[in-house]
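Chain naming follows the written order as A, B and C, and within any one chain the residues start at number 1.
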Amino acid sequence: MPAYATNMRLKFPIVALILEIITIILFAVFVVYDDGEGHGHDGDHSNSTHHTPQEPMALYPMFQDVHVMIFIGFGFLMTFLKRYGFSSVGVNLLLAAFGLQWGLLMQGVWHLTDGKIKVSIFKIINADFSTATVLISFGAVLGKTSPVQLLIMTIMEITIFSINEHLVANVLGANDIGASMIIHAYGAYFGLAVARMLYRPGLRNGHENDGSVYHSDLFAMIGTVFLWMFWPSFNSAIADPGFTQLTAVINTYLSLAACVLSAYAISSLVEHKGKLDMVHIQNATLAGGVAVGTCADMNIGPFGAMLIGFVAGIISTLGFKYLTPILASNLGIQDTCGVHNLHGMPGILGGLAGIVAVALGKKKNIFFFIQGLIMKLPFWGQPPDQNCFDDSIYWEVPEEEEENEESLAHADHSKNKAEV
Amino acid sequence: MPAYATNMRLKFPIVALILEIITIILFAVFVVYDDGEGHGHDGDHSNSTHHTPQEPMALYPMFQDVHVMIFIGFGFLMTFLKRYGFSSVGVNLLLAAFGLQWGLLMQGVWHLTDGKIKVSIFKIINADFSTATVLISFGAVLGKTSPVQLLIMTIMEITIFSINEHLVANVLGANDIGASMIIHAYGAYFGLAVARMLYRPGLRNGHENDGSVYHSDLFAMIGTVFLWMFWPSFNSAIADPGFTQLTAVINTYLSLAACVLSAYAISSLVEHKGKLDMVHIQNATLAGGVAVGTCADMNIGPFGAMLIGFVAGIISTLGFKYLTPILASNLGIQDTCGVHNLHGMPGILGGLAGIVAVALGKKKNIFFFIQGLIMKLPFWGQPPDQNCFDDSIYWEVPEEEEENEESLAHADHSKNKAEV
Amino acid sequence: MPAYATNMRLKFPIVALILEIITIILFAVFVVYDDGEGHGHDGDHSNSTHHTPQEPMALYPMFQDVHVMIFIGFGFLMTFLKRYGFSSVGVNLLLAAFGLQWGLLMQGVWHLTDGKIKVSIFKIINADFSTATVLISFGAVLGKTSPVQLLIMTIMEITIFSINEHLVANVLGANDIGASMIIHAYGAYFGLAVARMLYRPGLRNGHENDGSVYHSDLFAMIGTVFLWMFWPSFNSAIADPGFTQLTAVINTYLSLAACVLSAYAISSLVEHKGKLDMVHIQNATLAGGVAVGTCADMNIGPFGAMLIGFVAGIISTLGFKYLTPILASNLGIQDTCGVHNLHGMPGILGGLAGIVAVALGKKKNIFFFIQGLIMKLPFWGQPPDQNCFDDSIYWEVPEEEEENEESLAHADHSKNKAEV
């Protein structure tokens, strides 16, 4: 462990500082404020035509809702692990803070105005979206990767995402407003592919830190509930203003509500003595938001949205119960947060309407493969098996824990003494 | 315990799934999106006349504030119990998710347009409001009811609430904008009546889990502070737009601020050695929001609002200190969260202006009585006394706790060994 | 300790009640609702000319973001101490609730309309801002002061702040939109001056409660992340509407993002084995928001904002690592939360552009000195050294802790028994 930990001292600061300096230089060259001029000929999802220059802040409350989902929602959702809370919320902040800068550049490249990327609220919402793909993938490999590996994953995943997004939205003209496919399914399968490449036989029989304690489950519920509440903003933020946006809000709100009922019901049905399982409640209750994403702004009817949420809650809960163990044991995919059940399958469910997504899905597998190979390189400071799921390898952890261990040692000692 | 727990396996999933399926069918028949047409002849609190169809999303930020109060605010406020955090935030999510669907139907029935319920942001704010009544009542019986009982309570309480609300607002034409009476006092006395019917002599001398630990009190403060911050939105969301809405915001903001000072002062005054009591801080600081509700949009003057909050903070704190024990020992009302002090008395204080509320209050008692009888039926999976206030009866709880118990057992064992 | 604690019983309630009653009387005489009339001749930062009376609620979402920063952000940021969470979030609520009332009066005095203070959303945003100075100073003396001392500090600090703010904005006509200097640097140096006056030689070698435990660090991250997310609202809330406001949002958003990377990198670089330190992550990641404050609404270019954030993250992290220990040992300034590193230096960095701030800075030192003397008076109920950083001196703390101590005592007992 010392060898691994020590390596971070140079690797991580150098990588982080260089990435940021390069990013600042690129911003100096390419990025300017949006001044409301020069719009109208880029391919934005109808934003430019609807938001007149007089109201540049109109989307700001929506942006802040999405911002909360990215930083509080994803960050705290992953704090369920007993000894990995610092990394969950802290590395989430790191990846999202870098990812949004990178996303602004990568997405902006397709929408240049006079050779410049003009930053607007619309653009920073999309930048936040691009980080969501990384945070979903982060969930699949949580506890088993180093910050350096994850920064590299961030660059690659967001770059590919921006290309995908451009192809889907602007070249193919496909509609994926809530991004069931291009964010959720993409993020999930990207993460699963990486998890597969990083397969650790040593964790086949689990790891003592790969679980929750009582209060860590409550911290995770902060993430769950903020994601649940603000998902209508996620699915409607970049919809056409007015009644289309309202439709996206209503559909997501109702899909999530129906999803809660089915997730709770199935959780109770499949668990020991009919008890509810916090893993299901923390995750499967959100599947309705993922699944209704693609068609959120369409006229599917309120009950249609509820049906989608209802089914998503069932599929997701069953996935956590039955599929995750199979993926781990048979396919070598150790999906820490079960992103396949929350983002993967519900994302597919949401995107079934479009053949486009399937075609793109195949193309992406090649990228996944290369990505996994790169992350497998032995010099990114990844943790050895015994230190997986443990903050203390990358974070200074308060001494209490060591004290506890010492006091346990003491107890042992007194016991031995007594036995003598 | 096993018998109780096992029963949930069939009861709860079946009830939850059937309720959701019936709800989806009712939505398929009755609910459509609001398209901005057909307004003007329903009885909405002036909404339809002020919000032109061009801005269907105008109330969305207000809605999200209320949403945060319902799901984070109420959910985390109740996590103060040491072993009941999963149920507090988890069952809160379940009841509110079902309640908002049921509320949309029950409230919508009074405002049909061409035989349909048109869902708008205004309507989903009201649906969230309807769930607040249930969550308040939930506080009164927290720790002593099963999820099945609570789902049934949700249906009954929201149905009656919708009738009440219709009578008060549209038939009697009474003003209760922040709903001191029709939400807070109603929710509190409904909950107290249910608590009375479910009186448990076995808990007369308290229960070891009916208390907090250090970190559970901090989780509860998340709920408190979010409720406190967003209460101005709760009391103004459906007020007339413009200066009336501003008045409701200012009154609530100032009432809450004054309430904090009096709640802290009285808490220190009545407690052991002048120390502050977290129960008071978590709850009585919010009484100002409840009490100013009914007259929030009236021209009572900023200092008038502060006076109301000041008095509410005093009454509420004194209630927690002196009234709650009396209710429990003399009237057989075991009010877990003290909703009588936060929602009951401050709600009455807020509604004193109207005789209407009193008249309705009497009528409600009959419903309370029937409700209690139905919930008392022996097959809802309610917990036995010794399992009250304990998540492990309805939730899978991380093993740490059992380990602790085992290690304690071990300690005992080694001690015995030593003594031999 | 009993003597200290008992004294609170009369002192605190009397001070709190009298302050609130005086405040209510002042409100009765001076404060009315804003009715949209009579604007145009006060000196507000251009608010009155841009916000037409027709949209009195336009700034409300911004206000709520700032509100969350004040009550959740500052409150939870300080919960990192293992035994001082109740005080952190609870006293934060008390001081902010009183401070916003006092701030409305003190700030309003400079903008009377027909002899009255007209409360608008703009005014309550500024009132929230005025409390921020107190909460920053609170961080410097956290764990070492009584609620009574802090209420007195609140009155003095906000009164002086309001004079400063008036001089800077209206007399000198200086621009400090995000208030790097007049809020952050002022709050920090005010707090440091108070900390210096309250220097405790007995804490020279630290205190066992002056540190975190695992879960207290996670609670603090709730504060950090909410501050981080909503800082763009803090720096733009009172900017000129439209593209100026957009500029303030974009600059703050980018400065914070760049700051995260440099703070993480330097934290890893300077720490033991390259590990990240939660103190840096909780605080230095926010320095970008402070430092970009003064020029947030200026055309510094997106990369300019990022450069400021990047440098602020480095300075702040280095300050925590190297400067805080020196301040404590050489200058007798025991800065509990390190506000010098988060608000002080980054605030100075942000304000360097203006000579004005420096001139004012000198004047303020006199006030600091008097303030410290007043707070040093022996009758405010301040805690003795051994009870610093411990909630139990001012709060009722759940019994668990005592039980733990008892069980340890038991363990000792059984050990002794065994040895016999």
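Some points to look at:
The rule is simple: a contact is a pair of C-beta atoms (placed from the backbone, for glycine too) under 8 Å apart; a residue touches a chain by one contact, two chains touch by 3 or more.
All of these numbers come straight from a predicted model, not from anything done at the bench.
Of all residue numbers that take part in the contact between chain B and chain C, under half occur on both sides, making this a different-residue interface. Its C-alpha atoms fitted onto chain C, chain A is found rotated by 120°, rounded in steps of 5. Distance between chain centres (mean CA atoms), chain B to chain C: 32 Å. In chain C, 61, 215, 222, 411, 418 are the positions where the chain touches two or more neighbouring chains simultaneously. For chain C in complex with chain A, the touching residues are 61-62, 65, 82, 211-218, 221-222, 225-226, 228-230, 233, 241-243, 245-247, 249-250, 253-254, 256-258, 260-262, 264-266, 268-269, 271-278, 281, 285, 299, 301-303, 306-307, 310, 411, 415, 418-419.
Taken together, the chain B residues at the contact with chain A in this complex read 2, 5-14, 16-17, 19-21, 23-25, 27-28, 31-36, 54-57, 60-61, 64, 67-68, 71-72, 75-76, 79, 83, 85-86, 89-90, 93-94, 97-98, 100-101, 119-121, 124, 147, 215, 219, 222, 392-401, 411, 414, 417-418.
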